[in-house]
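What follows is one structure encoded as structure tokens, with my remarks underneath.
Order as written gives the chain letters A, B, C and D; numbering starts at 1 within each chain.
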């Protein structure tokens, strides 16, 4: 292209402690284009985004706006330069009104630099109208559903094209569609189109390639924090993209040995919780991996929480090897041999500031106790053993887990639970934010465990993972199980439809 | 109340990760600092006041710090779980008031003490319930019970001052343990401190407390019953504060409803000065013990030098401030340097481009 | 799934306003009951006294609110009141000719200075404000003691123009109350109507998001502390006006009363929500109760206990309210995670 | 000029019988209480006259706990005598007992300690306790024609001297059937609290005829309020114990007609001499024994009465009014 690029990031590297999130990444955005950024979980997309947003500063590399070398000292700087972001996780202010969330920091003003609420609410209402959703602009953001939160984020972006205070030049959208219905996705594409026609550049990140092809002109592919290639969308095919994303054959990523499932370990019957879960019934047997698929917010983690006893179930029963679990008592579940590797590593899985050893031992303290005191030697033995078995890469066992890479952190969580050798392993988003190498390792471990006869309930938002690893697939939609597939007849398309509730007849 | 009471606009994760070095190392650092302060205090004391090295000071310091020190222990545990209890001093007063009221009503002093302890238990349970069941912020709750407990004490006892407790008991305020210069409250504190130390640093319970303080959700997901834990810590605090109230009453051989008014802030100060992080998770018993000793010695020597109590307040406040600024200060410096480096890089890049 | 019908929001939206209304009602109830037990209580005079008595705490409550909405707290206000009151009083004692407005300015300046120190230390070194302001409470009180050194500024040293502020009334309303009301109105309006002040709520509501949104959190929080300090300084001068004398005890223990008032007034102790009006009403409620207890001839020994119980009841009720609100929202929209 | 009738100030026994270089610790309620500050200055003056050294030491809050370290310091400094104003009648006894056993003579003033015989101590009574209670009621009665509702604005609910006086006031009130005491409120010697309770008092009893405030903080707060609400003066009279320096303006503009006090300076001065005397053996606790108190003349030790041990009385309180309030500097 001949036109001057709006934004260029070149030779960008960024590491978090030992984790190399980005090494030599680059992206070039031209005015009026929608540019797709694709890559596996942990490829470094969000990190790149956070650099464009001024949240992280690159360790090295250059950022040029209109060819001018620039440094974003903070998010404010990026925003003033006309770069605005829709983050992967919604970032709203629960106590502020929806309208204010959209316009925070750039509320419409009237005489005397006073905020013009009427105008602000009216503008917000218009935005929602354009998005075809009915949200009260004056309502508090607290209590909004994950999807509604994304809608607000999108409205935020949409508001930029006619924002008085700053010029929307670059809009970055980091995986916004996971929670949205097709209708809302279409609306989002319209937004992108409007912005483009006004000469802005849109950077669109998504795991759904069909969306990429539907909405973008160019695509940049990343792998393991590295730039792989950029191409015009009509020069590449889906398969090419996937190949350069993964960089090896999928089979390698999903080692799966066929096993003959044994007797039932977990039997969930009519499980329900408030309005979040309704009438969930399924079983998991020894030596099989059952996957819970569905969109973000479908209720999969809720199922895990309810089984493990983090949340009290309001109806139904949970049996482990035939004996019913007490309601809302994680200790009881643990005693019965249930282990839960939760979805949020940083909040739920680990105590980030404590050492690797402390975290590995945290769930097994009862067994390390003599006369009420913890036997340090046994603790050290146990933790070293598991750290080695899972090949955790670490400096010293005493180091805070926060210093580990995402993947190694995930291994620590795994080890923490495998140390109790459970009969049922519930693993929620096993490879979220984990780089490709570690990812296949985790899969290998899972496969091995199942081979040894463990029962695994795997929750995952990644279809390849689901298809690659699961013996059976349960698809959830809005708190219900909308479909069940055997490994044989599970396909991306069928699961997606069941997940978006378009084909509940696919069930049974 | 972990980060809630701060402006710690959470660091971008990268900074965060860099900031979090092993908490143990941080502790060691802080405690050795306290030891230095202690040595300095001792040298200063013996150099400036010719009465400072008398053994009786051991007794006196124990006498003056005893109750505060005892109340500091459960408060430390509570703060490590990232909660706080501001009602400690009021509970101490309430227990004393109950003891006095019942005793003056003709009860046996022992029975009266029993009831006082029960009152402590009940008060602690009230705090615990409000915090764990209703999920109310402990700072607000305990400000409320701070007034409530003191008020009840007032109802129970004011305007009377009760005296006439058996000399055998009130002696703990006058004479040290046979053949030593150690006050009874000192001994009790040391015993409790040892127990607290073992529990906090060597038992599953201790691990649970620490984990809860750093990351309550992760603790819950590891099978730690966070609410139950916090509840019992508040109960413990109530009981030990009631116990401190009894000691305080006997020490003074008398009690009135306003005993120990305003001490809560001193206790909090002692704990924080001991290197316990108000965000929770971080803290050691040794640190708190050292902080008790340092403050005790300091006050003693300053009083002997007849330094105005106002100045003593300034010294205590200053120490408290320093104790939190130093650890965070290096972090602040790190950030500032980082920023400087960045901008310089950028200029270079400009030169290149 | 994302659709929500307007009426429900009309309700939840108004809940905030209901909050202040609730306190107002509570005040009337207390007043009513007391009047019932002792008709004499319902007099213009005692209403004046209710207002005067609450004025200072209400004023401090305004500043405290600004700090608390940002997830911070200022424990040093009590010491600041005493300090600024004495310094200004001392000034008048030594320079009788000193114009009163100047006295106000100096008092405010002193407070602002201390507030600024709180702000800098908290934001730059990222020390929890609870600790910083606790330390400042000691330090300022200590310095105050050294300055005061057992003296008292006697009434005849305080210019009558100043003391007049303490008791003169404007169409039946005490000047003290008028001034504070003025501050409340202005601050209340500002907290609603300027970008910077909305930032305060944003910071307290979700710090991470605030940084991502490019809000200069440090600067804002610093400003909040400085304002809180300034208002405490002003409160000091008004203290002088009201009591026409000052020794070292001035303002002792105010910090907890103020925080109680703020919490009772519906300001979330962990930031994000709450109004200065609510805080001011909270102060008025607490004072009404204190005087009601005396007026109802309930033994003075009861009022602290009752005040404490009331504080607990209020925050518990508040919690229950917000829980119900959240639940109603969630169930209304099916399964949805809290923001 | 309040003086003990027993003494003749011109030829008072001089201080030569008193040892030189005595060390006397003055431990006031707190280091900031204006009244105490004046008293301690008097005490220091006395001790210096006897060629001794006086040290003032206490805490910032008026609690017993804050005074104990000072007692300990006195013991360790091998002081010869302690002059203490007790924040609590008995909480200090154990520590003071230690002091006594260390050979330190104990003198209490302003607010007595009641430790029985352990330790033995001399109480310097500002004025006969009963006399204070009764005289204030009489003062008020005179002004309001012995009838109407009255109330008492006291300091802390646990203050010994206050409660003792209030006790005698109630007795004395029996003489005035038409005066009834409607309530007693406590301002904790804190202006703000005093004001709050006062306001509550007034709104509860608009027809209140008189207020007695036997504490300097209380009376000055009340006076300031009346001064600013002159309409109340038509039916409301205020009296009590106050510092002339604080009350001057109110007396001169007629807000307050009369109030009482003794000279705290002289009180401290007397206490200083008593301490020095006891420490040198020139004074004793024997009933009837005399000792010289510099310019104040000589004083006689009174027999232990109910509650109090051996004591001397400074003299009757001075009644201040427009005629004399200007002549005092405390």
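Details
The rule is short, and it goes like this: a contact is a pair of C-beta atoms (placed from the backbone, for glycine too) under 8 Å apart; a residue touches a chain by one contact, two chains touch by 3 or more.
Everything numeric here is computed off the predicted structure, so don't read it as measured data.
Any chain touching chain B that also touches chain D appears here: C. Rounded to a whole number, the gap between the C-alpha centres of chain A and chain B is 42 angstrom.
Note on chain placement: the centre of chain A and the centre of chain D lie 75 Å apart, centres being C-alpha means.
One inter-chain figure worth recording: chain A and chain C are separated by 43 Å, centre to centre, where each centre is the mean of the chain's CA atoms.
Once the centre of each chain is set as its mean CA position, chain B and chain C turn out to be 28 Å apart.
Residue positions 55 of chain A are each in touch with at least two other chains.
Within chain B, residues 12, 154, 158-159, 257, 262, 308-310, 313 each touch two or more of the remaining chains.
Multi-chain contact residues, meaning those touching two or more other chains, occur in chain C at positions 141, 145, 208, 210-211, 301. All chain pairs in contact, by the document's touch criterion: A-B, A-C, B-C, B-D, C-D.
The residues of chain A lying in touch with chain C in their complex are 53-55, 74-80, 85, 87, 90-97, 100, 104-107, 109, 113-115, 133-136, 138-149, 151, 181, 184, 274-277, 297, 299, 302, 478-479. For chain B in complex with chain C, the touching residues are 1, 3-10, 12, 130, 134-137, 139-141, 143-152, 154-155, 158-159, 257, 262, 265, 268-269, 272, 278-279, 308-314, 316-318, 320-321, 324-325, 328-329, 331-332. Residues 1-6, 9, 12-13, 192-195, 198-199, 201-202, 204-206, 208-216, 268, 272-273, 325-326, 329-331, 333-339 of chain C are the ones that touch chain A when the two sit in their complex. Contact residues of chain B toward chain A in the complex are 12-14, 16-18, 20-24, 198, 202-204, 207-208, 210-211, 214-215, 217-223, 225, 281, 339, 342-343, 345-346, 349-350, 352-353. Residues of chain C that touch chain B in their complex: 70-73, 121-132, 134-139, 141-146, 203, 207-208, 210-211, 217-218, 221, 253, 256, 259-260, 263, 269-271, 299, 301-309, 311-312, 315-316, 319-320.
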